[in-house]
Structures are given as C-alpha cells and as structure tokens.
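Here it is, the structure in full.
We call the chains A, B, C and D, going by the order they appear; numbering starts again at 1 in every chain.
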C-alpha cells in the first residue's frame, strides 16, 4: 500500500518504497528463486534447471495488478506467480516451488520485506535518537521548569528531558534491531512436515535461510509469537517517537515557546503561526501502531494454516511498518535542528520558582547518554 | 491508499477506487469549487470569479505525488492545492478558499469520500444480506444440527442460521445508511467562529452543504463524535460480515461439509481441497476494522484543532472503509451461490439425534425475514 | 469487578455498585424468576410452582465466591445457580429454568446490568453536559484565543468552546439513551429454536421481556451487532468526556491558567500546584474504552454459541461501563464549578492579537445550546 | 480488581490474589518502608526513625476502601497513605517518603505487583508448556491429518502439533521471564532530578532497588517503553495460550473428536455434550489482552508526569496480568490430561488419504522439544 498524496506528509514515503506492490513481487520472486537454488544444492532439482529458473525470474515481467487479479481465485499471489514462473522457465519450470506451500513463500517474503523496511525504520530511529542526544549534550545544564500533570512543578534541565527522549528511542530501536537480526525463514510444505522434500527438508530450509540472509527455523505456520514480537517492537518504537513529539508540540505552544522546529509550518491566513508540523505528523503516524500491533498479536492461528488470521497479516504488518517508519522519519526531522530557547525557559520557570535547583539532572543526563547502545 | 496486488484478494478493489489519491484530489477540488460558489451566492466573491474558479478547477492538472510532496511543509494538501488553484484562476484566484481553514476542506472532502465509498460498502452489504435471505428462504425447513461451544447440540434449520446472518448484516447496513444520510459539512474558518465570512458564515456553510449533498452543521473541528459514530458502524458492519464468514469456513470443513462456496480455491499440490477462499478473505479483511475504529473513536481532539489526532484520521478512515468494504464484497461472493448439502446436514445430525425437532426455527426464520428493512 | 481502592479515584464507584458480583447474582436470579413466571403465564409451569420459585428466590442466600467456584465446571454461573434455586424451591424446582439455555439467562441478565449501570452513566453524562451548557451560557461572550495545532490562532469565545463540549456530550448520551431504551431480551433455548417451549416459545420470550422491562427480540445468540452497537456508544461517550477533560488539563496549565477546577488536587511537596485531578482521571478512565469496545465489536461468534468470544464479553462489557461511567462522573466533577478566568484569557490573547473579533462565535454558541436534546 | 464470581471461571483467581487491593496496599507500604530504610543507609534520615517507620508500617491498619476514598482529592493513594504512615510513626514520621513523589511509589509498587503476579503467570505458562511437551513426546509418531484453511490437507503427527503449541508457549514465557528479571525501580522525586535527595539521589535509588529485588534504573517517569515491553510480552503470552486453546476447541468438535478434555463441561439439558470448557475460557481470558496492551503501549506520556496516561496504567496493567494469567491457568488445565484419540485421528485422515506419510514430522517434533529453554 502506498499513497503518494499522504505518505510524504506522514513520513512514510521512504519506507513505503520497500513495502509497495513491486517490493512484494520482488520478494516473492527472490524467495522462489532461492528455494529452487536451495533444492538444487541438495539434489532435489537439477543445477541447470535452477539456473534456468533464476534466469527466467530475472527478466520475468510481473504486473502487480494482473497478479493481484489472478490471486483472487486461490487466495494468495503465490499460486499465479508460480504459474507464471513455471511458464517462463520452460522445461525447467518443473524445478519451481519444490516442496513448498504458498504460506512458505508468503511468510518468507514478508520477512524479507520486514528486513528491507526495518533498516529504514532503524535508520530513522537512530537519527532521531542521535538528534535527541545532541540536544541533551548541548543543553546538559540548561534549566527549565518540569511540568507534572500539566502544571509547573520544580526545575529540571532540558538536557535531562532530551536524554529521556533519547533513552526511549534507543531502547525501542535496540529491541527492533534484535528482532530484525533474527528474522526467520519459513519452509514447512503443505502441512508443516516438509514431507515433499523428505529426507532433505530441514537441510533445504537451512540453505534457503542462508541464501536469503534469514535465520533457520522449524516451520512456524501457526506459531506466530515471532510475528507478535515483531509487531510489539514496532508499536513500542512508534510510541517512543510519539512521546517526544508530544512534548515538542506542547513546548512549542505560544504560551510556552521553549522550543521551535527548524522549519515550522506556516498558515496562509495566520502568518504568526509556527506549527511544529513534523512533530504533529509524527504523532499522527504513530497513532494507529498499537491498534495494528494488536491485530497481529491476537491472531489465534488455528490448525495448520489459519483461515483469515494469516491473510490479515499482510496489510497489517506493512501498514504497521509504514506507521512506525513514518513516526520515526517525522520525529527525526522535528528533532534535527530543533531550536531551543533557554531565555524563554528561564522566564517561564520564574513563574513558580526563583531558585533553579536542578539536583542530579546533569548527572542523570550524563548517565543516560553514557549508557547509549 | 491502494494496493493492486492485494486489494482484489481482500475485496477492496471496488471501494478503493473511491478512496485513492485521485479521489482525494477530486474531493478537495470539489469542495473548494463549491465553497467559492457558495460564497458567491452570498456576495462574498463575485459570480464571475466563481465561474472562473470552477472553470480553472475543471481542467486543473493535479499530480497527487507532487501535491503530496508540497503538502509536507504546511502539514496538509489543502495549502498547496489552494496555491495551485489560485495560480490557475488568474485574477479570480482571489475568490479561492474564502474564509476557510484547511480543516474545513479536508473534513468536508473526507465526508464526500465516505459518501462515495460508503455507497459501495452499502451495496455489497445489501448484496450479502440478500444472498443470505435467499438461502434462508430456500432452506427454511432444512434441518441441521446446531453447534454450541463447538459441540453438536440439538437441531435447528439452515434457514434460521442464514436468517440470523441476514439479520446481522441488515442491522449493520441500516446503521451505516443512517450515518451516510447525515454526513455533515465542515465550515468554521480559522477558529471555528466563521469570522472571516461574517456576517454570512452560517449561510455560506448551509449553501456549501447543499451544493455537496451534505448536511448542514455547526463547526465540529474538535467535536468528533460523528467520526466516532461513523467508525463504529463501519467496524460493526465488518464484524457482521466476519460472523457468517466464520460459519462458512467451519461448515465447509472436510468433516462437516455442509456448505461449499460456488468457486472454492484450489491448491496446486492438493487437488482434493476446496478452500472457501471468499469467506476466508472476508474474515481477513474484517479483522483490522475494530482496531482502526478504536483509533478514530479515541481521538481526544484538543483545543480548536488537534495536533496529530486529526491528521491520523485520514488513513485510518479510508483504511477502515477498505476493510469493511472488502469484507462485504468477499462475503457477498461467498454467499452468492453458496452450495448447501442437506444430505450431509442430515447425516451429521444423525451422530447425536434421530429426531430432528426444530421447534420454532421455521417461524423464527420467517419472522427475521419479514422484519427486513 | 470492583476495586474500592481505585474506583473512587477513577470515578467508577457509583456505577460499580450496579456491576459488581452481587448485581450479577441479583440479575441472574431476577431473570430466572421472571422466566418461570412467564412460563406460568402460558401454562408451561403451574402458577403455584412459579410463586414458590419466586418465594424461594427472594430469600436464596447466594455467595458469589461459592457460585464462582461452582461455575468453573460447566463454564458459567447459571448452571450451579439453577441447581441451587431448584434445591431451594423443593418440588416447585421443576419449574425453574424452563426451556432455557445458560446463554439466555446470562445475556438477559447482562442487559439488565447494562440498563442499571447505564442509567448512572446517562445521569453523569447529562450532569456533565448541563455543566458545560451553563459555562457556555455564562461565557457566551467571553473572548479567548483559539488554539490550533497547539498554537494561538485567532479569537473565539469560551462560550463556543464549552458549547462544543456540551454538543459532544449530548450527542453521545443521546446515542446511549437510544441503545438503553431498546435493550433486548434473550430467549432461544439450547439452539435458538425455542424448541423446548414449543408452541409457546415466542410468547414466553415476549412475556419475559415485558416482565423485565426489556424489548422483545428473536434469539440473537450469535448475532451480536447489538452488543457491538452498545459497546460503540459507550466508547464514543467515554471519548466525548475525554475531549473536554483534555482541554481542561491544557487550559489549566500554569502558563495558560484560563480555567481551574473548583477543588484542584494539592501536592504535599509543591504547595503552588493546582492539579486538575478530576479532568486528569476522567481522561484516564476513558482511555481503555475504545480498546474494550473493539473486543466486543470484533467477536466473530461462531455457530450457535461462541466458544470463547461469548465468555469474553462479561468482563469486557462491565469494564467498559466502568470506564465510561468513570469518565462521565469525573468530568462532571471537573466541570461543576469550573473556575474561568476571563482576565487571563484576555491577557493570553493579547500575545497574538489586539482585536478580539469573535465572528459568529456567540451565535454558534446559541445555536448549539438551542439544539440541545 | 477482583471478581470472585468470574475469576475462577476465567482462570484469574490465583493471579488475582496478587493483584487485589490488599496487594496494592502491601506493595505501597513495602516501598515506603524500603525507601525510608534506603534513605537511612545514606544518612538522610536516622536509623532509629527508619526502624520506627518500619515498625509502624508493620502494624498499620489500612482499609483499601478508606484509602480509596481519601485518594480522590490528590489523585492517587500515595498521598493519604503517607499521611497515615506519618501519623502512625509519631515523631519518626518525618522520615517517611523522603525525597519521593507519588509516582515513584506507585510505579515501584506496580513493579512489585508485576513481579508477584508474574511468577504465577510464568508458573502456569510453564505448566501448560510442559503439558504440551508431554503430549508431544507421547504422540511423537501419532499420525493425524493436517488441516489448512479449515480443510483436510495432508498428514502430520499430533506430536508435531503439540510441539508447536509448546514452542509458542516457551517462546512467550521466556520473553516474559526476561522482563520479570529486570523490573526497574522508580525514584526520581518531584521532577525526575532526585533534587530532594541530593547529593545521594542515585545511591538511594540503588539501595531502594536492592532492598526490593528490583533493577536499578534512572528515573523513567515518562519514558514508558519498559511498560510497553511488559505489556507486549503479556499479550503475546495470552495469544500463545489462545492458539492451542482454539485448536483444542476445534479438535474436540463432535465431528472431529480427536481430543477431549479430561473434565469437559456438561450441559444440564444435553447430556451428550462434552464442552472443552477450560480451552474455551482460556480463549475468553486471552481475548482482551492485545487491546489492553495497546492502551499501555500507546501512552504518549507528556512532560514530566502524564495527566491521564499514567493513571490509566494501573487498571490496564493489572487487568492484563489477570487476562494472561487466566489464559495460562485455564490452558494448563485443558492440556493436563488431554485425552487424545489416535483411532479417531486415523479414521478422520482416511477421508482424504490412505497413505499417512508424515515426512519430517517426528524429527521436527524432536527438534522443537530439544530446543526447549
């Protein structure tokens, strides 16, 4: 799913390039080619057939819309894609899709997409965290008033506030990176027993994983805790972006005015406005992430292939990546070059206190920055 | 958002045509043109300017991707669209966007989209309900075993079961139709006071509503219960589709075999399989609807324009329409021509009972069908 | 579910009294007694037995904990309750639970609870709306700055702002009142065919409904759109409370200071703080409502009694009532006697404008108040 | 929150004992006592005062309902509890709550509760996983038909199916155990700077953590990724329970009859029924977990203490523990002594195949069991 109209605004344009229909097609083809090659490694198909399949795949013209229409009958795009690939490969077509079921190809392709898009998300999370860390370092000793329950409380420093943003972003991206480093291959065949590849099934799965840069795994057709874990870290990362974005929106308010985005949005009718639009859209992008994660976590995949819960993952997972990626990209923009106004901070603080005692703030700021992964 | 690869499979292809970027652009332009015309009605802009704006708009080439990129700066596509429209209208450009704020245009355009897409959703809900009603009428007296908590219980009729499906679909589509019949215009100006149109503000809003076939309404910039209500009926409709779809999946199971889709999905490797793929994908499409509705219901729009909750609605609302529309379309396909096997029903029932006493089943079936809206 | 420790704080103490275990027991007993009486009306059981059952029920000692333990075996509390009631009624025990299934009793009792608790929720929603209306009337012409995307925009009036809060609350409570006015009876027997009451099934159901003040309805064991609709209006109402609560939190902020609760929370360590704690806890109470509604909307109740989705409703529905009731009660407290500071409003507004042109604000305020249901 | 009526049925009775009001009070008191002791370690209060506080706390009579009523004013139960404890401690009352803010006590107490209840949840997850592993070992070579998309596919073994259940449960409990092993202390003081404990703040926090068996941590008042991660693993664990529960419900169906619970629920009116009620209620308990996790993940805690998102965690977190704990407990019961019917499995399989080739099923079963943590 892509929307050239809304994706840039919501930060999803870069990540969407790895999640669009063309990416899906590329991933599906890559999995089929790698599977045939893995089968050839173990003598299940011939090496020459495998080469022919790879060759045919490399120039296979696939129109996503045509594939999409053809996918309706069987319920997924793998069935018609296999047909197309077999036709294109001529006699070597017999070496296409050896011992696999559609879910093997879909799930493995989904993991490739997650890996591709995940790198973008990680990059923007890292960029946002780094920007927060820079702000923290610069403003290690800049006093500001802390606000609790919406009210001015006692002093803190902007450095500690920004270091807290950074800590949340780092924690979230570390968790995401762990998941991305262990994306599993899926290969189980019709019923998860690898029967059609016997006695080479597990070996072919291991080869397939290696060829695609994925982790080897026993079939997990309806054991979806990995998908749940992936969804969870993405939603948590979106939320880790929304928190500083919310603070920026509030601190940018006219009456507070303690920070401003480098390129705030204007308003045609109200030239005095300086809308922190990057932070605003980061919040917007993040908002559907927990709900989408819930869809993915709560699947209840029944029997050996779920009749609906599985098919529901494709859009939910890519949309969740778009949401989190969008939030990270927009927050990064918001934090990069965020303008901080120490004088305004001091003036606001003077409303409730005249002694800016900041306790361990600077020390805690250092501690958080020193602990960065 | 559209996905030619996955939309057909998940039933969203027809409804997506009314929700894509081009539809958004068309709706935004339609609102701007109607607003200028409404302002002209009340002498705020000249009639000739209004004609020139309409003329310019009718041939305005808008590339959604370009508009999308230009939308980033200000945070929504209305700002650059107004710029483009003004440029295209020449001197009459002064009559573009009179007294409005971006949210007026976005919200009103969203209501147009909901209306357009909602008709498709309604049509498929009606088609699905009618198909269920036909099944109920034909099988009014066809005994089958009721199953409670997964276990065979006592007899019922397939007619009553199908009439129950129909009742849920009818109830859901009636609620949706009520919302669609009262889609509100949004026109409040920068702060919801219509100040820039004073003293004609409410009159212009009424004219705008009339021109667009929407209901007149006081500004509702952050009073989003209407959006919540719309989201709710869509999610309930999706669920009303998922329930019969689930039954069809279960009743189609090999061991039960009481129904079969007219065109079940095949399996390249397992020719004996007859997957009820339309019902399966109806369930899949419906699955994210309650979560998306939750995003829309739980907005907490603060002050006079929400900094994030508002921007989050655009994708959540269109995606929800895609989800519900997809579920309705796929369920309709599943129910149309559903093959019922009374002999198999009788044979299964014989496992636990030899007296098919169906009580008031036929009468209740009649009652449900007679009460159809 | 009740929590004497947290319920008062989160506003749920009053509504919880109608939702606790004792209320469930009372509702279950009331349904059984009314069912026996309805059956007697139609000659299915004897009038004297019905009287004896009512008599036995009126003094039946039921320990919720004991009933709860006994409910584990069969999966719901109706089975052991019927056993207890039969034992207590002696020979008239034969007249207990005629023709019913456990779900009939549970669902009907749940509707009673919804009705009881719903009245409390409605009352607090009405109280909150009335308080908002009073604020709107008093401050019809009090200028304040509107804030959009967190930034000062152009002037509005506090009257229009408060009238908008009122409009959302009124819309939400009207929708809730409609649902409460049509709470349906459930009576279908083992499989929804009313077979065990044949030929009096529908008549008994109608009598049962009349006796309990519920609406007559055909059995809806797995047709749960009504539950979905109920859940939706409750979640929307919670959100309609969270929106003004959020505004109050923001407007109470030290730097804005435009409103204050009549009895703000203190802080032992920071005597200058005036936390708008009623609004804060209204937001907190509302927060889980959309998620709980999603659980209830997305049930997919399969066959003739769902194996899990049904059982999940009991806690989700009562907890949703607690959430919405809590939000309404706390918001009412927040709005009652809300202290408004027109001078502060004027001073804040002066930051960006020196001409408080409020356009149609007063007129729109009047319009919203005049349209109150 | 507890419900003696519904907790046993939904498996939450054991875990609820660690989550009820009394547990909260105990945890709050424990944190205050440990904080005073930690402060004494660093010379902030006197050792004799600390002893007196501990003594007073050990016999402090706290009525949760009274504390709950007193908590309304300030917005949390810590404020009145500190008052009570100070009064009880006499002159030593000056040593109560040194340098802390209410959130420090609430968050730390919540972590204690999570630890207490988490052990129960872990124990039941382990019990369920062990039961699944036993089933897998016994039925390593028991052929059964795999079902994909609801249809019979090709053979597998029940051993592999049960090993898949075990793998999901083990993966989920391992993730939960990791979180439970790192539950963090919270101590930041009014604004997260530990100013009132300067220069001993971090040292006191470390001492407090050590005394309570928690991990030391910099203040995380609004950095809630840890809460999100905790919520996520709980929801994933609930889902890992729901998946085998769903399979058991389906495999127990009259027409399949391949498994049966050791103590299925009866039905007063239908003696032939054998409802797999433990699995059914495990599914029911799990169902609200992803939604509650979404509430906790998507908090957007603003500034230095969130005005609502924080207060919303208390019920959401304990209810999530109840949901997951309930699902685990009920699934454990369902799996313990699950009756497997190999003859029925063979007979069902004969519907579509006469050659039970199970490929690598046994080997994959061994692999999954060998990889158990």
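Going forward, contacts are C-beta pairs under 8 Å (C-beta built on N, C-alpha and C of every residue); 3 or more make two chains touch, one makes a residue touch a chain.
Please read these numbers as outputs of a predicted model, since none were measured by experiment.
Engineer: Counting only C-alpha atoms to place each centre, which chain is farthest from chain A?
Structural biologist: C
Engineer: Quick check: more C-beta contact pairs in A-B or A-D?
Structural biologist: A-D
Engineer: Please tell me the distance, in whole Å, between the geometric centres of chain A and chain D computed from their C-alpha atoms.
Structural biologist: Centre separation, chain A to chain D: 27 Å.
Engineer: What is the distance, in whole Å, between the centres of chain A and chain C, each centre taken as the mean of its C-alpha atoms?
Structural biologist: Each chain reduced to its C-alpha mean, chain A and chain C end up 37 Å apart.
Engineer: Would you please write down the residue numbers of chain A that are in contact with two or more other chains?
Structural biologist: 75, 101, 147-150, 153-154, 190, 196, 242, 246, 249-250, 265, 267, 270, 275-277, 280, 283, 287, 291, 294-295, 307, in rising order.
Engineer: Quick check on the complex: what are the chain C residues that touch chain B?
Structural biologist: Against chain B, chain C makes touches at 75, 101, 146-150, 153-157, 160-161, 164-165, 167-168, 171-172, 175, 189-199, 201-202, 218-220, 222-226, 228-229, 232-233, 235-236, 239-240, 242-243, 246-247, 250, 283, 286-287, 289-291, 293-295, 297-307, 357-361, 363-364, 367-368, 371.
Engineer: Which bits of chain D are touching chain C when the two form their complex?
Structural biologist: 1-10, 13, 20-21, 24-25, 64-65, 67-69, 71-77, 79, 82, 97, 101, 190, 196, 242, 245-246, 249, 263, 265-270, 275-277, 279-285, 287-288, 291-292, 294-295, 307-312, 314-316, 319
Engineer: Spell out the part of chain B that touches chain D in their complex, as residue ranges.
Structural biologist: Residues of chain B touching chain D: 147-154, 249-250, 252-256, 265, 267, 270, 272-277, 280, 291, 294, 348, 351-352.
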